[in-house]
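Structures follow.
Shared between the two complexes below is subunit A, which pairs with subunit B and subunit C, respectively.
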Partner chain A sequence: MINAAHNPFVIPTVVLMTVATVAIGFYGLRLARTTSDFLVASRMVSPAWNAAAIGGEYLSAASFLGIAGLILKNGVDVLWYPVGFAAGYLALLLFVAAPLRRSGAFTLPDFCEMRLGSRRLRTLATVFVVFIGWLYLVPQLQGAGLTLATVTGAPYALGALLVCVVVTANVALGGMRAITFVQAFQYWLKLTALAVPAIFLVLVWNADGRPSPVDGLTFPQATVVTIEHPATLTMTDGSVLTVKAGDELTFPAGAAVPAVAGMADGLDWLLPGRGGSLFGTYSLILATFLGTMGLPHVLVRFYTNRDGAAARRTTLVVLAMVGAFYLLPTIYGALGRIYTPQLLLTGDTDAAVLLLPSAAIGTGLGGQLLAALVAAGAFAAFLSTSSGLLTSVAGVLATDVFGRGGSVHTFRLAAVAGGVIPLLLALNVASLDVSQVVGLAFAVAASSFCPLLVLGIWWRGLTAAGAVAGIVTGGGAAVAAVLVTVLGPPLSGWPAEAVAQPAAWTVPLAFTTMVLVSLATRRHLPGTVGATMLRLHAPESLHL
Partner chain B sequence: MGANLSTVASVLALISALAAAVAAVLRLRQRRAIATDAQRATYQVLHTAGMAAEPLRAGLDRVNAAKAVRHLRTLVGAPGLALVGADGVIALDGRGAHHNAQLAAAGERAIAQHRSAVLGESDLPCDRVDCIVRGAVVAPLTGADGASEAVLVAIADGQPAPGLVQATLETARWAAAQLALAELDSSRDRLARAEVRALRAQISPHFIYNALTAIASFVRTDPERARELILEFAEFTRYSFRAHGEFTTLAEELRSIDRYLTIERARFGDRLQVRLQIAPEVLPVSLPFLCLQPLVENAIRHGLSRKPGVGMVSIDATDAGAECHITVEDDGVGMDPATLIAGMAQAAAESDDSGQHVGLSNVDERLRSAFGDQFGLVVETALGAGMKVSMRVPKFHPGVRA
Partner chain C sequence: MSTDTPDNSRYVAVQATDEFAGLRKSLRNFIFPMTVAFFLWYALYVILCAYARDFMAIKVIGHVNVALIFGLLQFVTTFLIAWFYSRYANQRLDPIADRIRAELEGPEDAK
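Up next is the complex of A and B:
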């Protein structure tokens, strides 16, 4: 197996990136914003900076590592992941961005209280914010463990533990506040870390005579593959070989890559609809399109916008920035089939992005530097996302669970509590794909907060009872599906599909329940609904 | 994977066992508390009365009256009970809905005469075969001023018994007391709102006087500057005297402080230095209108104007999760904390504008009335050590919006 352990640049680069991030967090404000000029001091964050900051928090380990791995393994069907992750901002732009900013809410529970005035709903929203936050934190820690294991050979658990401790300590001590500058820096770092090696990779591929990623895959050099998950291989001569974890296979340079059962091969990889089912695809589209608006760490950033119009402009810029970013993992996934085909056999496809530079460009100085850059980008991805998530989770825990007006001490306590649980989960779900777990977090968000936000903003008839019922039914069903996927036994047939990609049935369920229960409890409409709706939809310039 | 299934099953079993245990403990505690029949009866009456009190305390609209009348009927023990207002039946629970018109008329009479009445079968003629209404007890809900807004009508299925009359009259008296309490609540709310309005931000008369004298000193020597200062002063007063809204954003407030400081610089020249460190993320935070400017004014008046040489005022606003922390600090002469506390207490007691600490206590009270008691001002000072005033402002608070 090609290993980056011999790369002397990886660890210094990662350490440098981490230290720089933490240092900017602690000292950035003092350097950037100390002035005696009020005009400078009262300048709001511009939509471009805001958008870069949202991108910085949003592009997680799943985007950075997971998508390339999925494309390598499953082909064009999973292109819906990057499309959906970006297009979620379209739904956010159309339905939520400006009214949410006008509501003045900082977190989702704030929005519930402002729109429906119910403490019970606020508590329920808090529970879901914490759950989604934790579920989203798990793949970040997973990615951290994987990255550290790939670049240094350390055990998986150590990497997850290390990153969890760094992030928790940093959040608890106040280093990773929602500082726009730090997060914007992270976005550009991540983009650079994928874009620069991608240019070189494409040049190398061109120089190699543009080999096809579809079929005729061969090992570019002599390779020893250590199998990590049991698999059934079909060799090129037609013989079938069943391997189990721990087996070692040796392939000479130029040997054809055997086909692995359960992974897209040949034309299946290239053509849509061959691998996944239609239901799964629609589920994924619904979850990612509608889930983005329910992510707690994304929504808090909208508060920083000057007004509703600025919030909309910010979302538009995010759409462009995130869309540009998602072109890159696709390139890595396709080239990964040519230069790191052994990952198909080991099942460790999430490592494709990390291994590709040294595999394709070689272990010379250039290849090593590019590999170090990618590793630093990966660390930036889960440091920024998990800090943003942990800050949000600890924030709602501190205000809504440990009591409002809590001190710095309660926030620290909440940060530790918020960090430990996803770590425990991350250590137990090592076998799941990073993107799959993120997909589940999106499904829960889409079946709980999306109906609440969309109906809350666009329908006067929503009542607190309806909102509670919808979140409990739809969100609860999605949570149950997640728990069965993560902890339960393996299923087969349609239950497996309905549970692995629940959004296609839980989202309509949540919407229907919310509407029906609201209609049934029409008498309990909040009396202030007219004023609230006016506030959500009237432009600020009217000064109502 | 069979092991996983059993893990899930055992976790679920554990959770349901815990829930069952909690429910059992709660039931047992409830049962143990009530030992005799008399106790149980008392408990039930008080419990029912408590259930009725909640909607009554919210006022006599249709929804609340419907909720209350259900429990009131349990208290009276009549087959039907109606709450009748000056313009008809507000709510009715149980039997007798088809007698609405007669009940409304009887209610109107009782309200006009302020007295209770017993209606017999002849007062309530009915041509329905299955009608059980044979009589009714009408009891007005008499308020503190002797007038009554509504009456309670208990429907009887025979000639009204003395027990029913007694129960209805007592229940009516109790309900009237609850309504009076509701009235009290709403007038307390009105009072609180009036207080908040009275607490409205004011710019200090000292400042107006000082600004005008400072501008006057430039009128001959530097008319252009005097004109600029007058314009700044006009802008500042326009912001300070604006009619709409109790709240503003931090960005707006900073802009107003900028104008204020332009005028103060005309007085102090280079002696006054300002240092700002504002996190841009908290600029949209909503806070009570003019709650920062008095702190800056205080820093200049008590910190710098009594001290020789250069003085520095720093304003910091940092982002702290769901809150924003703002501090205003000066390196002036400071003051003895005991003097400050005494001064604040005096200012609060006399509510008199000439006191030195009116600015601070006014801001403190407005912050508390907007965000709650845990969001007051924190002042750190000592003789010769300058003064630092800090406040915490939640990023979201229901009802607070610029």
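Up next is the complex of A and C:
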């Protein structure tokens, strides 16, 4: 495997990027004084900053590395993921952004109490915010460990520890306003770190006579491939070779790349919908489409808009930024087939973005600098997503677990507690599949907070008992699916599919339960429902 | 959460006005059809990928096939819907909101 361990620029660049992150955090610290500053940045953040900040935390490592790897391996199939992420933002804009902002609640549990006046529901929402937050934090920290290990050969624990310490310190000391600046900085850093090498890669590809990423793949130089996962290879002469982990294969420069069973090959690479079942696809679409609005770190960002019009403008800019960003992993995935075809054999496709610059441009100064830039960008992705998650987890812990006072001191304590637990999990849990856990976090959010928000905002008939029942049944089922996936025995057949991508049945379950139980407990409608609904839907210029 | 106690009779009065009902109706008239339309368009992409593979494989320019163009168009439509909504809200919804405010605050306070 091509290793960047000899690249002297990686560590300084990552350190520089981390120091810049911390510096911006401290710059923000001078501005953050009261609890309200910490939690929602006093609603003074402009749409452009806010949108960059949302992009900064939304475009996590899974998008940065995972999608390029998936495209390398599976072809344009994977466009479903980013389209779903973008569409999820549209659903958020249309259904919840403006009313939620007008509700005046700081956090999701606040919203529950404001809309339905139930302490029990508030506690349940707290549990789900923390669970979704941690579920999303663990793979971020693990990914950071793996990235640092890939590019420098450092032990796995170091990367996870580094990200966790930087993020916790930044969140604890700066709070949300600092985090807004940090996140916005991270977005532009990520975009630069992917875009600049991509331009050079496309130039190199052009100079090489535009080799096709679709068929006739060859090794650009003599390559020794160490197999990491058992596979069945079909050589170009038609012979079939079964390899096991640890086998070494030597290919001379210009040799044709064998086809790997189960991976897209030739023209099939350009066609989505080959691998995976239709159920899994629908489930994933439902999870990304409806789960975005239920992710706590995404929601809290809408509270920082000045008014409804600013919230709408923010979403518009976010959609443009997300769309622009996802073009880049597509380029990496396609070029990865030409310049790092050995990843198809080793199965280590997530490393494509990290290894591509030195593989295509060479190990000279230019290639090394670009490789270092990409590594710093990947690290920025881990830092920014983790910061956003930790801010919302800490915010909820501070108000609902460590007492209701909500002092700055309490918030700091909550940030430390919120950061330590996922670190311990990341260091101890055996390697989880990053993109799958991210999908599960979306599924849990889509089966718990999505029905609560949509029905809570658009249906006056929702009762506290109905909301609790819906979250416990639908969200609980999704959580159970997560636990079975992570801890349980390997499954096969349809139970395996239903558990791996649960959203297609847990989301309807949550909605149905919520509606039916609400209808059954109609007599317990909160008396203030008329006033609450007006507050959610009336323009804020009314100052009611 | 806000600490001021809302005056319930005032809320109820606003709730009962035709303008408020109209505001919510205009909002729903945009949001629900648009969501259904977008979801169908997205589902069409997935279904064509699953069942109309020959059509999706038609090459347009070089290796760029119909499937790829469809996928990129999904991004474009997402953005366009968000842009339409923003315009609709600014042009149609905000004026109604301003009218409600003017009525609620009485002729002497209104600008």
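We adopt the following convention: the second predicted complex is superposed on the first by the 485 of 544 C-alpha atoms of A that agree within 3 Å, B and C clash if a C-alpha of one lies under 4 Å from a C-alpha of the other, contacts with A are read in each partner's own complex, and residues count from 1 in each chain.
The definition used in the following text is that a contact is a pair of C-beta atoms (placed from the backbone, for glycine too) under 8 Å apart; a residue touches a chain by one contact, two chains touch by 3 or more.
Keep in mind it's a predicted model, so treat the numbers as computed, not measured.
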| item | value |
| --- | --- |
| First (subunit B), second (subunit C), both or neither touched by A:153 | neither |
| Partner chain in contact with A:399 - subunit B first, subunit C second, else both or neither | first |
| Contacts of A:489 with subunit B and subunit C, given as first, second, both or neither | first |
| Touched partner set for A:86, first subunit B, second subunit C, both or neither | second |
| Touched partner set for A:362, first subunit B, second subunit C, both or neither | neither |
| First (subunit B), second (subunit C), both or neither touched by A:252 | neither |
| Which superposed partner A:110 touches (first subunit B, second subunit C, both, neither) | both |
| Residues on subunit A lying within both footprints (that of subunit B and that of subunit C) | 104-106, 110, 113-114, 535 |
| Residue ranges of subunit B touching subunit A (in the complex, touch as defined) | 1-2, 4-5, 7-8, 63, 244, 250-251, 254-255, 257-258, 261, 273-281, 283-284, 286, 318-322, 372, 374-375, 392, 394-396, 398, 400-401 |
| Residue numbers on subunit A that touch subunit B, as the complex places them | 29-30, 33-45, 104-107, 110, 113-114, 117, 174, 177-180, 303-306, 391, 394-395, 398-399, 404-405, 408, 411, 483-484, 487-490, 523, 535, 543 |
| Subunit C residues within the subunit A interface of the complex | 1-2, 6-8, 10-12, 14-15, 20, 23-24, 27, 31, 34-35, 38-39, 42, 45-46, 49-50, 53, 56-57, 63, 65, 67-68, 71-72, 74-76, 78-79, 81-83, 85-86, 89-90, 93-94, 97-98, 100-101, 104 |
| Sites on subunit A touched by subunit C in the complex | 76, 79-80, 82-83, 86-87, 89-91, 93-95, 98, 104-106, 110, 113-114, 212-214, 267, 270-273, 278, 281-282, 285, 289, 308-309, 312-313, 315-316, 319-320, 323, 326, 528, 530-531, 533-535, 537-539, 541-542, 544 |
